[in-house]
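Lettered A, B and C in written order, each chain numbered from 1.
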Amino acid sequence: MIRFQQVTKIYESANKTVKAVNNITFQVEEGQICVFLGPSGCGKTTLLRMVNRLIPITSGTIEVNGKEIHSLDPIALRRSIGYVIQQTGLFPNMTIEENICVVPNLLGWDRVKMKKRYNELMEMMGLNPDEYRKRYPWELSGGQQQRIGVARALAADPPVMLMDEPFGALDPIIRERIQNEFLRIQKDVKKTILFVSHDLDEAIKLGDTIALFRSGELMQHGTPDEILSQPKNEFVAEFVGSERALKRLSLFTMRDLVSRLNPADRKSAGKRDLRHTVHMDTNLRTALSVLLSSPTGEAAVVDDNGQISGVVSIADFERLTGIHPSERTSAVQ
Amino acid sequence: MEVILFLQDNWREMLQLTWEHLQLVGLAVGVAILTGVPFGIYIAQRESLANLVMAVAGIIMTIPSIALFGIMIPILSLIGQGIGFLPAFLALVLYSQLPIIRNTYIAIKNVNPEMRDAAIGMGMTAWERLTKVEIPLALPVIMAGVRTAVVLTIGIGAIAAYIGAGGLGEYIARGISTSYTTMVQAGALAVSILALAIDFLLGRIQKRLSSQTAKTS
Amino acid sequence: MRGKIAERLIRACLFLVVIAFLGWAFATGAFQFMLDNLDDLLHLLQQHLKLVGLSSLLAVVAAVPIGILVTRPRFKKFDWLAVNAANIGQTVPSLAILALVMTYLGIGYVTAVFALWLYSLLPILRNTIAGIESINPSIIDAGQGMGMTPSQILWKLEIPNALFAILAGIRTSIVINVGTAALAFLIGGGGLGDLIFTGISLNDTGIMLSGALPVTLLAILLDVVLGKMEKWIIPKGLQRHLET
């Protein structure tokens, strides 16, 4: 768990003082991803970098798993927190294996343990350990480099990770894929993650909660559904934009909807000729676009075994009012 | 302080030597610009040739100046010009080629391909593209090469006094051989100040050129 | 196609020039002089190598640590001073430095070593500072964020990543030093400059070339050897810079 209490950062220069982060109090539960969202210069990166003491705090306290960070040695603190940045920060003078083993090395692990950990992490990232072991960062594509960056942060199995726009520099298709992988990995490792982003869609997709900032102030902290359905003030409403109803749909999967379907429709499904189908795990935003392109306004829902388990129509979407996402969308599309 | 007294007594000769020095440097760099810039532009389109030229120029640069002077003398004495202005001039032209060719080559090669594309798209001929787009954009970098060349040749020009080319090195050479310390100091200081002053001046011009291209691009 | 022909032409011309030059040097008796005075030549060569070796070694030992020191946060305020001193010092002609040092320290071996040291210092200092400061800040940020101590950041990140620039500075400095050391004869430092200046003043091509040729070959040889050494020393991950 990470607890921010009245955290403030003031930059003083000769002629003015700037409150980069102003009196921020909230907490992130264990095993959750909290996305720091907001326009550039809103203080989200400053706040993130205060957690591992790369930026000194002006006043307030930050607790990581019950310990106030200023009671700890900064070097030891940083080694216990995973850190991923946008420009990857991979060390060009080291091989991929050496890069991933930086923190284990600093912590003095033995060779066998490091090698084992390297293999484990590479498998987890879907990269062949032996193929990349002796390669150097520049030989890898941007997406691969960023995977290595994430693996490196996970190396010493820290309970907490800080990620500063890690996927920001990737092109949309690669970013989408890495986000999905990242969610899959998070399901297993269950880290407490602070994740800086300026992209609302990314925040909705990845965040268990979203903390929205503006000029150093916390505007709202809540689940993506709360942010989208109950914006606290005008700034939040404007930031999430007029498409928020559509965006909210992407928080739900067909599974959420099917559980509320009419049992009669379920039976009759086999008899109809339905060329338009959607998978159970498809999010509702995508499903809606399938329905809209279907001439009958209906589509069959298919489960993991390819069996048709029901039929949905546009009208069914109305049932959504008042329900909330049953589980995180891991959006297999 | 003896240097100041020395200057009071010898300022005419000093000016004369400075002028000689500047003439030598100016002519050599002038010729190097006239040959090096077109050559740099020419090789900018020919990768493998450029690599060869850079390698050769690099080797020429590693030849110590006094050794190159030494090699020039007997070759030029075949046409009766062994000592004096000509060997010094030729050696300085050779030395100033590298920075000028290299900077021209790099500058032309690095002209933003989009601008080149735009120029082609607007229907410019190769010559128009070169004179209206590529050279103006490359000018600050070429100027930086010229600046390096000038500073380099002022220094080597001082050594040229030993092969009878005159210039401010004359005071250093004469002072050392007659153990006249003040004269050595006067010569060394004068040539150093000359190099620093011209470096500063060309730096200013270079800065102005690059701020102009920054505005237009 | 035209480029290829031009390239071959240039290669052939260069080859001819070198052959012609060596043949001509042979004709003027330079090689004869060298063979006849082999002991003297070797002695002067040894002197020359000593001058270059000692002054360059001292320059590396001084310039690299100073360069590292002024890039530490604590001494950052002296950074501009070191950079400007290095830039101004390199603008001053080598002969002027030698001459000025001589007027204060007198003629002799120590003067020569000191002057060469002073002049060799600057390219190394400048490249060390530039090399460390041009490291992508995200690399240092990542190192700090992962809990590296300042000395680990220096040894594991900054020095390996700046090594390319530092070694290039050392190489440039040594090659220039070979040439400047030829001038050391003028201030009593000895070396191969002895033969060159004697040859010039006696107007004897043989003597002059027997100094000029070894100095030239020494400079080119050192340049090549040091270039190869860069390839061994620089971390493999950074070697793509060398290919260009």
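Heads up, the rule we're going with is that contacts are C-beta pairs under 8 Å (C-beta built on N, C-alpha and C of every residue); 3 or more make two chains touch, one makes a residue touch a chain.
Worth saying up front: this structure is predicted, and the values here are computed from it rather than measured.
With every chain reduced to the mean of its CA atoms, the largest distance from chain C is reached by A. Of all chains shown, the one whose average CA position lies nearest the global CA mean is C.
Chain A and chain C have Cα centroids separated by 53 Å.
Averaging Cα coordinates per chain places chain A and chain B 58 Å apart. Annotation: 20 Å between the Cα-based centres of chain B and chain C.
Chain C meets chain A in the complex at residues 136, 138-139, 141-149, 152, 156-157, 160-161, 235-238, 240.
The touching residues of chain B, counted against chain C in their complex, run 45-46, 48-49, 52-53, 56, 58-59, 62-71, 73-75, 77, 82-83, 151, 154-156, 158-159, 162-163, 169, 172, 175-176, 181, 184-185, 187-189, 191-192, 195-196, 199.
Residue ranges of chain C in contact with chain B, taken from their complex: 3-4, 6-7, 10-11, 14, 21, 24, 28, 88, 91-97, 99-100, 102-103, 175, 178-180, 182-183, 186-187, 193, 196-197, 199-200, 203, 205, 208-209, 211-213, 215-216, 219-220, 223.
Across the complex, chain A meets chain C through its residues 49, 52, 54, 74-80, 83, 85-95, 102-103, 106, 136-138, 152-153, 162.
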